[in-house]
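Labels run A, B, C, D, E and F following the written order; every chain starts at residue 1.
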Amino acid sequence: MRVGIPVEARPAERRVAGLPETVTTLIGAGLTVDVQAGAGRHAHASDAAYRAAGANVIADHPAGQSDVIVSVQPPTPEQAAALREGDITISFLQPSGERELIDVLVANKVTAFSLDLLPRVTRAQSVDALSSQALVAGYRAVMEAASRLPKFLPMFTTAAGTIPPAKVLVLGAGVAGLQAIATARRLGAVVEAYDVRAAAKEEVKSLGARFLELDLETQQGVYAEAQSETFLERQRELIAERVAASDVVISTAAIPGRKAPVLVTNDMLKAMPPGSVVVDLAAESGGNVTASSPGEEIWVGEVLVYGAKNMPSSMPVHASRLYARNVANLLMMMTKDGQVVPDLTDEVLAGCCLTHAGELRRELP
Amino acid sequence: MIDLLTIFVLAVFVGFEVVSKVSTILHTPLMSGANAIHGVILVGAILITGRAEHALEITLGLFAVFLATVNVVGGFVVTDRMLEMFKGHRTAKPVKSAANGHKEVGE
Amino acid sequence: MSPTWVQLAYLVAALCFVLALKGLSTPKYARAGNLLGAAGMALAVVTAYVHGAVHNGLLILLAVAAGVVVGIPAARSVKMTAIPQMVALFNGVGGAAAALVALTEFLAVPHGSVLFQVATVLTVLIGSVSFSGSVVTFLKLQEIMTTRPVLLPAGQLLGLGVAAVSALLALSVVLTGSSVLLVLLALAGLALGVLFVLPVGGADVPIAISLLNAFTGLAVAASGYVLANTLLIVAGTLVGASGTILTRLMAQAMGRPLTNILFGAFKATSVAAATDEQRTVRAGTVDDVAIMLGYAHSVLVVPGYGLAVAQGQHAARELAQVLEQRGVTVHYGIHPVAGRMPGHMNVLLAEADVPYEHLKELDDVNPGIGSVDVVLVVGANDVVNPGARDEPSSPIYGMPIFDVDRAKAVVFMKRSMRPGFAGVDNSLLYNPKTTMLFGDAKESLTKLLAAVKQV
Amino acid sequence: MSPTWVQLAYLVAALCFVLALKGLSTPKYARAGNLLGAAGMALAVVTAYVHGAVHNGLLILLAVAAGVVVGIPAARSVKMTAIPQMVALFNGVGGAAAALVALTEFLAVPHGSVLFQVATVLTVLIGSVSFSGSVVTFLKLQEIMTTRPVLLPAGQLLGLGVAAVSALLALSVVLTGSSVLLVLLALAGLALGVLFVLPVGGADVPIAISLLNAFTGLAVAASGYVLANTLLIVAGTLVGASGTILTRLMAQAMGRPLTNILFGAFKATSVAAATDEQRTVRAGTVDDVAIMLGYAHSVLVVPGYGLAVAQGQHAARELAQVLEQRGVTVHYGIHPVAGRMPGHMNVLLAEADVPYEHLKELDDVNPGIGSVDVVLVVGANDVVNPGARDEPSSPIYGMPIFDVDRAKAVVFMKRSMRPGFAGVDNSLLYNPKTTMLFGDAKESLTKLLAAVKQV
Amino acid sequence: MIDLLTIFVLAVFVGFEVVSKVSTILHTPLMSGANAIHGVILVGAILITGRAEHALEITLGLFAVFLATVNVVGGFVVTDRMLEMFKGHRTAKPVKSAANGHKEVGE
Amino acid sequence: MRVGIPVEARPAERRVAGLPETVTTLIGAGLTVDVQAGAGRHAHASDAAYRAAGANVIADHPAGQSDVIVSVQPPTPEQAAALREGDITISFLQPSGERELIDVLVANKVTAFSLDLLPRVTRAQSVDALSSQALVAGYRAVMEAASRLPKFLPMFTTAAGTIPPAKVLVLGAGVAGLQAIATARRLGAVVEAYDVRAAAKEEVKSLGARFLELDLETQQGVYAEAQSETFLERQRELIAERVAASDVVISTAAIPGRKAPVLVTNDMLKAMPPGSVVVDLAAESGGNVTASSPGEEIWVGEVLVYGAKNMPSSMPVHASRLYARNVANLLMMMTKDGQVVPDLTDEVLAGCCLTHAGELRRELP
């Protein structure tokens, strides 16, 4: 069967779903790989490199030619229209977003897997693109903050006086949050973090950072559940003082399938030291920071708020590498004797399959 | 007689074992303490004086008693003075974790 | 044979002595050990008096009282710095007492068994050597005579001669049982002691004292054979054995092999460690420093470029942690220009996860530095050089420094006496408050870590 | 009195024994110590033979030969796992020999001094106890009889009764000098030994052996008084004293106070450590693990989330460094999902400056893991759970793991038997290859560090 | 007699001191080694047999010699076997500095 | 006497030579301080804050009003023309650059101190603005490189495969180079470095990095001397292989008062892995990298070359703080009883005094 790797269809997407190294893996499993020319451009993977790995470099989008289309962003409805019955797509479908696309997939009886939906179970870890891309996002969030901060992160005692270490507050200690904590700590910042999940406390401490103990109820489970507005109100009140004391705030709080909780208001920002920087990784899903807007830098008083937009794309080589391996691992789970035949009784595959045989398998929110 | 030799050998052993791992700062107090202990010759001095009958013996014995006493009392007292520095030690505080210690460093 | 209770009391006393020595070899139990030793001694002496003072009981009491009257005030009033010579003196009188005891016994019973005779001459000889040797070391340390090695013309030959005479006399006493010869032997011993110690130079004198101390122990043990008294044998042997080990340890700690000191003394190769211009440097051992640190209340670590070169940051942090667990307050003094780039020490210590709040700056440290017990200068040099404060002619004059010379004690960890970046000599290295711990900073810190856990 | 040369030879032998015990208490000199002990023994035996075998020389030689013929092959062929019972047996025959010696001497000289009589009854009594006790422990360990505590009805009362009888008999022997009573005493001792060991459960048997060993030492010392032989006194006492200390140390290491074992034995409170479902967990001490590590050729450290929680990264690196200095090869196995975020272990170990080239991945490690001597699993759990590989029903089935169960030995450092993130039980914890080292990872590592420096 | 007691006390001391800091893994070998050492009763057995004249004494004595010999030779041999694990230890390698070790880590 | 702090006159300069905290220091020494309105804008120091510290906020450039003008960049020739005889200026005069300005300073008998010329002696360390700004530059160089690199710096072992650590090569281990080494190491990169000075080897190792041993003669002394072209040719040959193996090159090699040596040619860049980043801190003084141009990002094949331009200005708060303290320390050295009276027999002051009493005290290169 043929696996197709297209040029990403959406603006500003710089990742790619397959790299020469994963092409080799797929071919080793008996698959044939089509790569659209220029697909790896931003990830610095040349067409020549794909060819060298054994791929078939084609000029156009592989939809209609390949049986399996793997991509980072979902295909456009137009591209999806070219898919044939039984074709498979793998991408971040962001199911809540594009009704039109999903209608096309259902109509064409395409089997569509969305990596957003992957169950976070042990066995699925090698396929867990949410984790791998959150790793990139968490790291980059600190880089973006550090680049924009008119101050040092580490402490320096010098002949021209002492520079105190920057104070970094991380809100939400999921995968991205933890990585942000680790990276900021590496750079010498004094880091504290908060998360509603009970398990987060130990995890934050396991990175050597301080956990912000708030007088708020905690939650169990892998994902946080939506919080009431009164809860959030109280949370904002309690963290206001810590926000005011921070030079950098990195917010990553999210609730799967929901709008992100608002944790930082403009009033809170105004109390921060002039020149402080806020990076809102949740900007695309509504924002933890009232002022943030995806992809934009907004000044609120003397505080700079940067809303993240597709953060992983800012580091396309490694983000692509991780994503491509996740995708290859998923394909390996479905491939037998050179055929991609997803077993939809498998918990993992069933969990992330959105459409199959003309059926929408998940309720859309 | 061989018993006394055995005692001697065993005592040598105990002497070696007991001080074999002493730290430098205790060298002087230990020397001084050992010095006081060999003042035990006072026992010998008392014994010979206690059975002496001739004036010469008595005189020599008493002188030995005097000298040995100086050795004993001076030795122990001086050692004790040296050891005063080891008096004031407190109990351990709970370990502070370095990692969580990164807190407020004000400007 | 003495009655059993007496023997048992002696046995208990001997046990006390063993435990006393054991206690004295760990800081924690040293005081208790000394007290136990004193208790054992009291028991032994009372027993001896009750059982043995058949005659002359009152006189003996008077003699003891005289000894107490002389000994205690002397021990009490002596200045801490003069303690070594006091110990030497006490040792000497102990040796003399042993010699006297043997002599007296010999006068009473001139013709005992061969063993008795041999034991007697040994006691007298060693006791005399110990006495006169101790007196000479006392005179040296008290600076009543010169502390430099005294080299008699043909001193070595003289020494050998006197030794030969002593041997001959000893043999004759054993053969003839003559008390006159025994007295002569005592005199020869006195001469030998003087000749033994004269060539020893200032720095080696403590080692000589320790050796004489072991000698006295042996003399007492020998006297035990003279009097057939097990307690004297056990106690004397204990002191002899532990004193010998101790002498070796002391010699090692000073980096001088024992043979060198023993025979080097006669060869007069031993001179006090002194650099030119009379500036002496005091080099300590890891154990010394470990005890200084372990028993301090507050320690200031001043890291410098050398710590970075040695990459000893992890070891430094661990040491600080171990000290804190003992209840010692530890801070790091971060000098603005320590290292070779701005913030070098910050980067270094952050790598080892030293908490920021332990880092102190010049202004935090200097006002209270007088109350710091030990400053541990690890691979730093220029940043603690008092010349920058005191000597307007110094090329580094005007640079602010940590005034570590105002702290109670300073330990320098560096590899040599070489200067730092500025190439300027540092007078603090020669300060009497300073102990040098030579070697690579990381290695020294690692050793220190192990040693602190022991004290 | 034996001639001086004999006594001197005995003294040398005694010295050898002291040094042998000293050697045996450090891994480095243990073998040499044992050999020195054997040499001392040879000297003593030859001396005794040459000097003492006035009569029956040939017969004695034959008896010795018979002993050699029985003893050496037994010791050579025994399986490593059966060594404890072999030691018990050797101990027993030693006790029997002591009792026989005293008995025989008593037959020859029935009316010696009181001390002689007392020494004789002690030797016979303790020797018999030691013999029969050892035989029972042998039977238990060899599983000829049950390893569970055997509780006789009114066993405690019985024990007290027999003890009282023995005391009475002993007194009578001393008073009357009757050999018949002495034989009866021996029988009573045999009964006492059996009663003493019967209630001891499997896990405590080694401690009982050690105690019986000390007993035999005392019996031999007592026999020394019987024969007025200093060597027997010294050697027996040495074994008695060191055996006692050793018994205490062993009891401590198993976390059972000695009194508990001694008297608890009678109370039969002691049961083998076993969890439900018959799965036993072996908990080791820091010293055990230190020696496993210190004498390994290659060690694999598998860090997990628990290392991060404990913030023990610095201690882990130090431990690895110390091991490397000893010549042990140390690698870290970094599992892709160890910890709680991707790359958690990288961040953690980088903080402690662990060189990148020491980090190994699954594919680097698993192929050669069979030749790894010790895997140190520090705060990891799921990532080494063989269930992920072997049990399709497991919720973590399919996750790649480090196949540490294929290594020669595994040490788990965690605080409890609780599962990891996935909440799945880990069969590896119950594997016979596994030693658990319970406690906070940082604390355990720090202790281990200190302990490894000692071995 | 008190001499023998002194010897006893000193030997107790030496026995305590000498094994006071032994690590767990050496417990069994040490016990076994000590076990071999109390086989010194063989000396006693030889001595009594060597002067025995009656058949009973000779028999008992010879049996004691036999048992004691088993104790001695078996004890030392078994201990040696246990200690084989401590044989293969190598000398220390020079310390590798962790800091400079960060070298080539290929993809 | 009056000290004046102007708005910086040159484009893209975001630092300021005095901050409210140093104003306090100066007033404490008996001086009066004039601050041009908006001077601290980029450094987030408001006019109100200056006023609160006791400064006199004025609308125009203080030249002609204040006796001492302190600035980061030198005044323009026009501004200098307003200076009166005996007035003092302190700034980075970059003496080689502006003949015209210097002529004005000489003509007006202004006493001009240039912090470029400060002797690097122990006593001058608290005034050493070259060091303090190089600290900023070295740190920022790594931030700029990390932001532009499409890869991680640290190593990560994840369920989606292992990301190897980035390899960073630092050329020139002066103050900036050392700081770059330290910062890159903190972030987990594998760092190696080279410098011609013999002392650098130990210094590089003291930061835990690898020193590149080249078969080249080393130099003694605080500063490197100009190297012959054959030397540089050989150096380029020898480092080519290490450049090719690196993901990031940060070059800082400089020779005071000279053009920077060229160490990296385009051919060498082409051998680097695609997506690699080169930051040339020496770009403004001619460049260590042939392709670099100050303030620009230039692609050479698939390698991005970033030429630094006024790097410290990218972090204005802390860069200003360090600079302002250096300046305040220098003023303190010259102030007695509220009068700024430089003692030109003092080695340090003499060393950095460029013009005085109508005299040019240094040869211009």
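Operating definition for what follows: contacts are C-beta pairs under 8 Å (C-beta built on N, C-alpha and C of every residue); 3 or more make two chains touch, one makes a residue touch a chain.
In UniProt terms the chains read A, B, E, F = proton-translocating NAD(P)(+) transhydrogenase; C, D = NAD(P) transhydrogenase subunit beta.
Since the model is a prediction, treat every value here as computed from it, not as a measurement.
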item: Those chains which touch subunit F and also touch subunit E; value: C, D
item: Taking each chain's C-alpha mean as its centre, the one farthest from subunit C; value: A
item: Farthest chain (mean CA position) relative to subunit B; value: A
item: Self-contact between copies subunit C and subunit D, residue sets same or different by half; value: same
item: Which of B-C and B-D has more C-beta pairs touching across its chains; value: B-C
item: Length of the line joining the C-alpha centres of subunit B and subunit F, rounded to whole Å; value: 65
item: Whole-Å gap separating subunit D and subunit F, where each centre is the average of the chain's CA atoms; value: 68
item: Interchain centroid distance [CA atoms averaged], subunit C/subunit F, Å; value: 56
item: Inter-chain centre distance, subunit C versus subunit D - centres from mean C-alpha coordinates, in Å; value: 41
item: Subunit C: positions in contact with at least two other chains; value: 18, 230, 234, 311, 317, 336-337, 342-343, 347, 350-351, 353, 356
item: Multi-partner residues of subunit F (each touching 2 or more other chains); value: 125-126, 131-132, 135, 154-156, 158-161, 163, 165, 186, 188, 190, 205, 208
item: Residues of subunit B touching at least two other chains; value: 3-4, 6-7, 10-11, 13-14, 18, 98-100, 102-105
item: Parts of subunit D lying in touch with subunit C, wherever the complex brings them together; value: 314, 317-318, 351-353, 450, 453
item: Partner subunit A, residues of subunit D touching it in the complex; value: 305, 308-309, 311, 336-337, 339-344, 347-348, 350-351, 382, 388, 395-399, 422
item: Residue ranges of subunit C in contact with subunit B within the complex; value: 10, 13, 17-18, 20-22, 24-28, 30-31, 33-35, 37-38, 41, 44-45, 47-49, 52-57, 59-60, 62-64, 66-68, 70-72, 74-76, 78, 80, 83-84, 86-87, 89-91, 93-94, 96-98, 100-101, 103-105, 107-108, 115, 206, 209-210, 213, 216-217, 219-221, 223-227, 229-243, 245-246, 249-250, 253, 284-285, 287-288, 290-292, 295, 317, 321, 324-327, 353-358, 451, 454-455
item: Subunit C contact footprint on subunit F (complex, rising order); value: 121-123, 125-126, 131-132, 135, 138, 175, 178-179, 182, 186, 202-203, 205-208
item: Complex interface listing, subunit C residues touching subunit E; value: 4, 7-8, 11, 14-15, 18, 230, 234, 311
